[in-house]
Amino acid sequence: MNFASDNTAAVAPDILSAIARANEGFALGYGNDAATKRVEGLFSQIFQRDVVVFLVPTGTAANALASAHICPPWGGMLCHAESHIATDECGAPEFFGGGMKLLPLSGDGGKLSLDAVTAAIARYAGHVPHQVNAAALSLTQATEAGTVYHVDEIAALAEIAHARGLAVHMDGARFGNALARLRVSPAQATWKAGVDVLSLGATKGGALAAEAVVFFDPARAASMPERRKRGGHLLSKHRYLAVQFEAFFAHDLWLRLARHANDMADRLATRLAAIGLAPVWPVEANLVFVVLPASTHARLTAAGAAYYVRGSDRLVRPRAGDVLARLVTSFATTEAEIDRLVAIARDG
Amino acid sequence: MNFASDNTAAVAPDILSAIARANEGFALGYGNDAATKRVEGLFSQIFQRDVVVFLVPTGTAANALASAHICPPWGGMLCHAESHIATDECGAPEFFGGGMKLLPLSGDGGKLSLDAVTAAIARYAGHVPHQVNAAALSLTQATEAGTVYHVDEIAALAEIAHARGLAVHMDGARFGNALARLRVSPAQATWKAGVDVLSLGATKGGALAAEAVVFFDPARAASMPERRKRGGHLLSKHRYLAVQFEAFFAHDLWLRLARHANDMADRLATRLAAIGLAPVWPVEANLVFVVLPASTHARLTAAGAAYYVRGSDRLVRPRAGDVLARLVTSFATTEAEIDRLVAIARDG
Amino acid sequence: MNFASDNTAAVAPDILSAIARANEGFALGYGNDAATKRVEGLFSQIFQRDVVVFLVPTGTAANALASAHICPPWGGMLCHAESHIATDECGAPEFFGGGMKLLPLSGDGGKLSLDAVTAAIARYAGHVPHQVNAAALSLTQATEAGTVYHVDEIAALAEIAHARGLAVHMDGARFGNALARLRVSPAQATWKAGVDVLSLGATKGGALAAEAVVFFDPARAASMPERRKRGGHLLSKHRYLAVQFEAFFAHDLWLRLARHANDMADRLATRLAAIGLAPVWPVEANLVFVVLPASTHARLTAAGAAYYVRGSDRLVRPRAGDVLARLVTSFATTEAEIDRLVAIARDG
Amino acid sequence: MNFASDNTAAVAPDILSAIARANEGFALGYGNDAATKRVEGLFSQIFQRDVVVFLVPTGTAANALASAHICPPWGGMLCHAESHIATDECGAPEFFGGGMKLLPLSGDGGKLSLDAVTAAIARYAGHVPHQVNAAALSLTQATEAGTVYHVDEIAALAEIAHARGLAVHMDGARFGNALARLRVSPAQATWKAGVDVLSLGATKGGALAAEAVVFFDPARAASMPERRKRGGHLLSKHRYLAVQFEAFFAHDLWLRLARHANDMADRLATRLAAIGLAPVWPVEANLVFVVLPASTHARLTAAGAAYYVRGSDRLVRPRAGDVLARLVTSFATTEAEIDRLVAIARDG
């Protein structure tokens, strides 16, 4: 019963097989190999546009490199106050961005509203050179709360951002989960809606360690090779990074794995709701947030269920003793695990 | 006939098997898994001392994080002018070090002499706060020229460094190759000789992507977790990094693989010398530098031999048309490949 | 009628005279002159403790250098959301701090409450290395709202900060104004209450361009000379910086000038209140915030009164058309100016 | 007999008078005052072109801001090994440049030769993203050795730089001295010869603390206001910075002061040569380098003569005991001082 994170899962068998298959002969290092060339083409195909892509081993690297590339050191990047870049990357965007500023905004269910973004853009504009001006907007898709931006929401946010000269970044560590829910094409969910740069994660979705920074406008990618290299994020045996993505995309594996994770989250949410434990936020990806009574939490923990809790949250404040639990499903989650967890939660 | 680099080789089978074996069940992310705990113990065992170790995916990351950690932004790090940190990391140490300065020194065969280091320490001392003062010394072991520092050479360099307050870093991207040649213990080759921090590479030695920063004094490692995280170098599915090192160290695999690579370099050097192509520098690790006549180079290239050349070098200047070729062997190099290359070189 | 800022005033005559008097003969550069030695002693005398002091030309430099020196790149510095470091220095602390994070907190009247700081320290603690942890607290004295922390407030805030390992910085761009109001000694207002590092401003108080970073614990100042130098903040003809402070401190000039500015603010506040324009926040230094009806604002502007306005504020939201005006007095403000402004405001 | 540096001199009386004259009434801060507007126009007039200028208080600030603005973090800036940016700014360019790299080149008499620059540009080109590529060239005018680049030398260096995409910076801390010697217009000595950005110093030339970054192509100056502000180099009482330059330029004061300093250096060199102490490098500005026998040095020091010495130099190595002395003249140097020094040097 492991619901701690989607990165506690192992590697999806198809991806591991691809790594094993790649393991023969010599291949030029640093991305000059055939597999990398193939996968670069694949990205353009998937996004229906000539994109420039940079593979890196971690999501923090992808986000920090992308952020630094679209926001100058004296600029600010609007983001959700609970976003990964703001709370879980130990200041990586600020470091890579030469001291750029994240401008965290609150918003229900992990999402930024048009009003909040509009007001923030107005607030962080002008009064140069004294004030940091907003230069970029980062959206997390799916969000840290397990919700998903709809295409028209992205488009509306990107439009106001672009109108004021801000670049739009999407942190897609769980982009596959969002896409599987939205049932739109990768292009529709990104550049067609105004996203300029995407951090596309494969690791949480089943890879070993594979993330991509995707530039939809090749001109924006200038000097990114140098930025990645000096960040220490250019892998020498690059083919193993490339084939992870190749397998990830092959036969829509990424969407199939994401759909499974989403389905498991749905099942979990539905069954918990049925026993009076309704999710705190809409379950639209592979995360279920639920307030657990102290006794339930104790019982689950004793039974070995793994998940993270927060005593309190900015928006959701459980009663004393109760906890706000985050349950994450993955491609590896089974119905049996869910049913067992729900059974233990029920039999108080 | 691939002699382009040791990172053009695939992953050693034992290491790939370890990755496959690790691929079951759930494991906590970010280094909180059992395999990581085991491998941390293993490092201490191998180095006969309680060390603190940080695993990262690239050598540039290892070097840059280590450099930044032992040299303040206003400090200088003495290094060889042809060292990887000075020439091939796109300024990563300077970036991670907040604008610290590399102070490149020349030296025969890729090695820094005691005289050169002593003079440089004297030169970059005093006149604060105007001048950057030397704060660290970085030694590459084995060197970029394929030579190896002997233990007493390291000890002498470290002694003068420590006497003036400099910390000592070793870039051990090919540490295994050096160790296999020196036939001393890892402890003797490092902390017993005065090394404070080691970048220990496994990738060139046969891993997929696994490097380690090893602190011999745990106190020096304070805040390194934060530095690694914000550098984007803390892998989420960390177990796969850990098991690469576990397999690398098991039954002295790393030394056996390194010994093979060294043996292949010896064979290559001996046979080339026998046909009049003596190596430029002593062959002490897995790199052979040799000046190739233009016609030989053309013939080899036509036959598909892969290696890098330099038209000229600071120290070695081939006649016009000739090239300085770098031939790198690895755990995957075969005698047949070598013999074939030598045969082609010979039959001009 | 210039109430735009205290830095729109000229230089106090005594300070300009000191500069003129210093203008003879040769003096070693970069702070190795006699005047600098004298003024360093003066700081220790004034603060009744051996302090280490660094003179710099701007308040932003003082704050950024101090912040970077007490907060590591992966640390966070708690500060008021409306503080100068957070809103008016274009990210200088983040830049000098290698990408450190400011953690802005709201608070009435420009002041941080004990509750807010306690909660923030708890929030930004633990979960390393993922989360930036609070490492420093910055208090502005007097605040941007024209209020003043009382000694026991500072002491309580510093106590909770120190208990959790945070260093305490005070932005004293208007420290003289605060001190003149509090009627305590410089020592009581700073290190005796727990302040570790003080940015002490003279420019707004009457100097040409002179600010100081004062370390109450000399050990904390290690390497600050290098940090200042590479920041470009070590003046070559340093004597002219030193004599500004010498004159500033002589015969309590700084307190006399600050007292005048405060008195003018009091007069302004009292007279505005008498015509129905009560100050928004207590007037405790040399700033008066008042909501002006649109017509009053128009009349004042037409008459040439200079001051900055905000259409809205996070805490104070004037009715549409009205403005929140900030009126700043200085050593150069006259009663006549005030009376004229009030007269115009009244005769609507 | 103070020949320690041109910054040990006081402020030229005309410049101090201008400061005093500026000391009345209110003026908007941060460069929004009338004097700043006037002086900005003055720069364009003097350089016969619409320039964008940023005033800052130190030469290190000017150089570091300019360097960072024309060289990306992953770029290298070619400079003389003995240049101020390379040896005396504690890594300021690297800090402001986000870890950019200075690429120091040697050259006789403080000057870079066309050959050396051509070779370096070739060496630091290509092999991206691994190698730092040369992105800028910095020339010091007058040089640290007291020599001067002729206009055609600058033009030749700039031409090769531009041809390879490098921007050209000139460190003109002693630009006035060079100009006074060259007898060409400011335009001829800079943009007409290919200089893109100039650090123009007034401090060594007689100001209190006033330096300028001059962009000859306004487009290059974009975002420089933010860079200066967050570097802490935007003075609040900016009028006092502006009027220093206004007085500096008025009636060619800067050239008259520089000419005096140069004349004094000529006199010093001629008279020293007459007693067998010929200058080491051509005396073309206000610096005289001469090898002093140990006994002469002792006698001068005993008599109170102030100057800096180097036991040795990369290029000039005096015999044991002898010293390489640097004697700097300024607008304040008198013939009497020189004659006294020479007399003491002679009467051994």
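Letters A, B, C and D mark the chains in the order given here, with residues in each chain numbered from 1 onward.
Going forward, a contact is a pair of C-beta atoms (placed from the backbone, for glycine too) under 8 Å apart; a residue touches a chain by one contact, two chains touch by 3 or more.
Bear in mind the structure is a predicted one, so any value in this text is a computation, not a measurement.
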*Pair joined by more contacting C-beta pairs (B-C or A-B)*: A-B
_Let me check something: if the centre of a chain is the mean of its CA atoms, which chain is farthest from chain A?_
D
*Mind checking the centre-to-centre distance between chain A and chain B? Centres are C-alpha means, answer in whole Å.*
34
_I'd like to verify one number: the distance from the centre of chain B to the centre of chain C, where each centre is the average of its C-alpha atoms, in whole angstrom._
50
_Where in chain D do residues touch two or more of the other chains?_
73-74, 89-91, 95-96, 98-99, 128-130, 226, 229-230, 234
*asked:* Which residues of chain D touch chain B once you look at their complex with the stated criterion?
replied: 73-74, 87-91, 94-102, 128-132
_Could you list, by residue number, the parts of chain B that touch chain A in their complex?_
2, 4-5, 7-11, 13, 16, 19-20, 22-29, 56-62, 64-65, 89-92, 95-96, 203-204, 208-209, 226, 229-237, 240-241, 306, 332
_Sites on chain D touched by chain A in the complex_ = 30, 72-74, 98-99, 128-130, 223, 225-230, 234
